[in-house]
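Two complexes, one shared chain (subunit A), two partners (subunit B, subunit C).
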Partner chain A sequence: MIEVNVSKRLHTAEGPMDLVFSGTIEEGEFTTLFGPSGAGKTTLLRMVAGLTTPDSGTIVVDGQPWFDSARRINLSPRRRSIGMVFQDYALFPNLTVAENIGLALPKQQRSAIVSELLEVAGLQELAGRKPDKLSGGQRQRVALARALALKPTILLLDEPLSALDLQMRLKLQDELQRLHQRYQPTTLLVSHDLSEVFRLSRRVFVLDKGKVTRSGSPTEVFSQSKISNKFRFNGEVVHIKPSGVVYIVHVLVGQDIVQVIASEREMTTLKVGKRVLIASKAFNPLIMPLDE
Partner chain B sequence: MNSIPGTIAAIDTDGNLSLVDIEVSSDFRMSALIVETPEHCPWLKTGHKTKILFKETEVSIARNLSGQISLRNRFTATIAAIRSSGMLAEITLDSAGHQVISIITNRSAQKMELKTGEQVEWLVKANEVSLTGS
Partner chain C sequence: MNPDFTQTMILTFQVAGITTIILLVLGIPLSYWLAYTSNRSKAIVETLVSMPLVLPPTVLGFYLLVFFSPVNPVGGFLESWLNLRLVFSFEGIIVGSVLFSLPFMIHPLQSGFGAIPANLREAAATLGISRVKTLFTILLPNMKPGILAGCVLSFAHTVGEFGVVLMVGGNIPGQTRMASIAIYDRVEALDYATAHRYALVLFAITFAILLLVYIVNRRFARMELT
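Showing the complex of A and B:
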């Protein structure tokens, strides 16, 4: 469990801003810090990592103080059990994929852990390649495998997928989810992509101008509609096709794409990438058993 | 999506289902059949404000309708605009000051010879009507 109670004055382009955060993240939970750029998300992540020092407060991980301003405790990043992945890949260009993943591991365990991670992350074929021979998605997979190599207590992800195209992003979201389920590190993700929040995290803190404005499960935080419908889903608009006086809106719900008819008037609020609630009456769907 | 504001006037509950009457204005009442009960839904109470939501494609249009029909959501309106392209037609209606849109097949619209300014009736089944609280 991570208990964070910190504050820090930041100097932004719009003047000073006080970043104040107080929150608990359960062991093994996948939590997102969501908000516009400049809200303080990355600074908060850096504080947990030990790369930025809070002005005051405490950071306690599994009962151990990593930071305590009153007791003058401030563990260096090396002494904090963390794995990090950033938007830019930060791989060593002169090392192969396998060497990058195994770099920080003790010699006697190295080959066993590296070969497991290569297998789990689907990187076996690429083990001997250098980073410049990899695609963006492959590099982030290597960065993720490297971050998990030391079995960290906390995995810190700072917009790791934001530089990738939609298709690769969806694929890596699945991969990230799978790796999280397998190794279950307590994970803190910085993201401003709403669909990523829904697909990956159990809990979300919404940050704005240095303060938490809302927190809870993604559905609690973002679907505040008090609609009566019992047949409803969250999804993301992936494609819109005009058809006469109506539009056929393709919505990605979980792994499936469903299609919804929308009117001209509704198109003013819809566009590709928009997160939407789709609802129907419970009286409406046909239900039939599948062949087994 | 059609959206009309109203006030909950009556609720008839049976098990997990409720038949809700909503007053839009003194002579304009709609019914919604929903899978929800006042016991579990804080805003589902007589006197509370609500929005009545229903899909354009669930709105039927009639002229000189006679005989018996099970639908109780049945209202007169004036056709304010007609837009058609390909298979479908979008009929914009003015119903007691509220805009209601119906999307029907172009075939039906042409067969009925619908014209702007004309008076018609529009109908929607209560089980196609959703409510949202405020």
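Showing the complex of A and C:
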């Protein structure tokens, strides 16, 4: 379990901003920090990693203090059991894929763990390549495999998919989910992509201007109505076609397109690109926009 | 070939080679510190390192001469305890050259360290890789052009130095007479033919070394692009 209670004054383009965060993350849980850019998400992640020092507070992981301003404890990143995927991956350009993944490992375990991770991440063919010969998606996989190599207690992901196109993003979201299930690290993801939040995480903290505005499960946080439903999916409106007196709304749910009929009245809240919740009570599906 | 000429040229390149190796060994930790520290004394150290760029070489040479003279406590200590005399000796011109060429090694290395994205060091830290291992496996291999530039500039600058060596070393054949001093010495003696020979060789070698650096650096740049 990670207990984070930190504050830090940040100097942003709009003047000073106080980042205040207080929350706990259960072991093995996949949690997202969601919010607009400049909200302090990455800074918070860097504080957990030990790359940025909070002004005050505590970070306690499984009962062990990693940071405690009152007791002057501040563990260096080298001594924290973390794996981090940076936004631009930060792969070592002079090393091959296999060397990048294995660099931190002790010699006697290196080849076994590296070959396992290469296989799990589907990188066997690329083991001998340098990072500059890889595509964005491949680099992302290498960065993830490298972060998992030491079997860290906490996996920190700083918008790892933001540089990729939609299709690759969806594919890697699945992969991330698979890897999380396999290795079960406590995971903290920074994201400003709502579909990522829904697809990957069990809990979400919404940050805005340095403060947590909402937290809970993604559905609790992002849908205003708490109706009991038979089934519910989150998706994105990709196309709207008028058909007589109703409209056919095409919604991207995961990688599938679902067609839902919407009335003129419902159409007033819908447009292409809008995030929606599709839910069904017994027979008729309901379609409603999600808060962002 | 004139044995004096050969001896002087060999000595010149020995001094330059040894100076460059010493500078590389000293320069890596010093430039690492300068590139990444936020210590307040950084500005003072940077100033001291850059001083030889603007200071007349004779000033540096004069102070070294005074300091290392056996009648000075420092020079006396070195001589009585380490049996090392740094005035008018080979060791002396090495020390002088190292100090005088220091900025030519430190500046390229420091900008090399500075050009490496901070997140590579951070990534290494999150992976628990020690600073020393990070230096040798990640930082230095990614700043080869800077290392090359530092070595070549230090070497070429040492080959061409005059003032410091003349002040500290004098003009002892086979001991402290470097090519640039030999040129001066020959011109004084109106032996223009020998002076020409020294001058031409220095000119050609310096040109070749710098040309090599530019070609190699272009190849590095191209490698990074592809």
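Operating definition for what follows: the second predicted complex is superposed on the first by the 246 of 292 C-alpha atoms of A that agree within 3 Å, B and C clash if a C-alpha of one lies under 4 Å from a C-alpha of the other, contacts with A are read in each partner's own complex, and residues count from 1 in each chain.
Throughout what follows, a contact is a pair of C-beta atoms (placed from the backbone, for glycine too) under 8 Å apart; a residue touches a chain by one contact, two chains touch by 3 or more.
None of the values given here were measured: they were computed from a predicted structure.
Engineer: Applying the touch criterion given at the start, work out whether A:Arg178 contacts subunit B, subunit C, both or neither, answering first, second, both or neither.
Structural biologist: Touch status of A:Arg178: no partner.
Engineer: I'd like to know which partner A:Pro77 touches here: subunit B for first, subunit C for second, both or neither.
Structural biologist: second
Engineer: Can A:Gly244 be said to touch subunit B (first), subunit C (second), both, or neither?
Structural biologist: After superposition on chain A, A:Gly244 lies in contact with subunit B alone.
Engineer: What's your read, subunit B or subunit C touching more residues of subunit A?
Structural biologist: Touching more of subunit A: C.
Engineer: Which of the two partners, first being subunit B and second being subunit C, lies in contact with A:Lys271: first, second, both, or neither?
Structural biologist: Touch partners of A:Lys271: none, neither subunit B nor subunit C.
Engineer: Under the definition above, what is the set of subunit B residues touching subunit A in their complex?
Structural biologist: That would be residues 1, 32-36, 41, 43-44, 53, 55-57, 83-90, 101, 103, 127-134 of subunit B.
Engineer: Which residues of subunit A touch subunit C in the complex?
Structural biologist: 49-51, 76-80, 82-84, 86, 88, 90-95, 103-104, 132, 146-147, 149-150, 156
Engineer: Would you mind writing out the residues of subunit C in touch with subunit A in their complex?
Structural biologist: Residues of subunit C touching subunit A: 117, 119-120, 122-130, 137-138, 141-142, 224, 226.
Engineer: So in the complex, which bits of subunit A are touching subunit B?
Structural biologist: 225-230, 243-246, 261, 263-266, 279, 281-284
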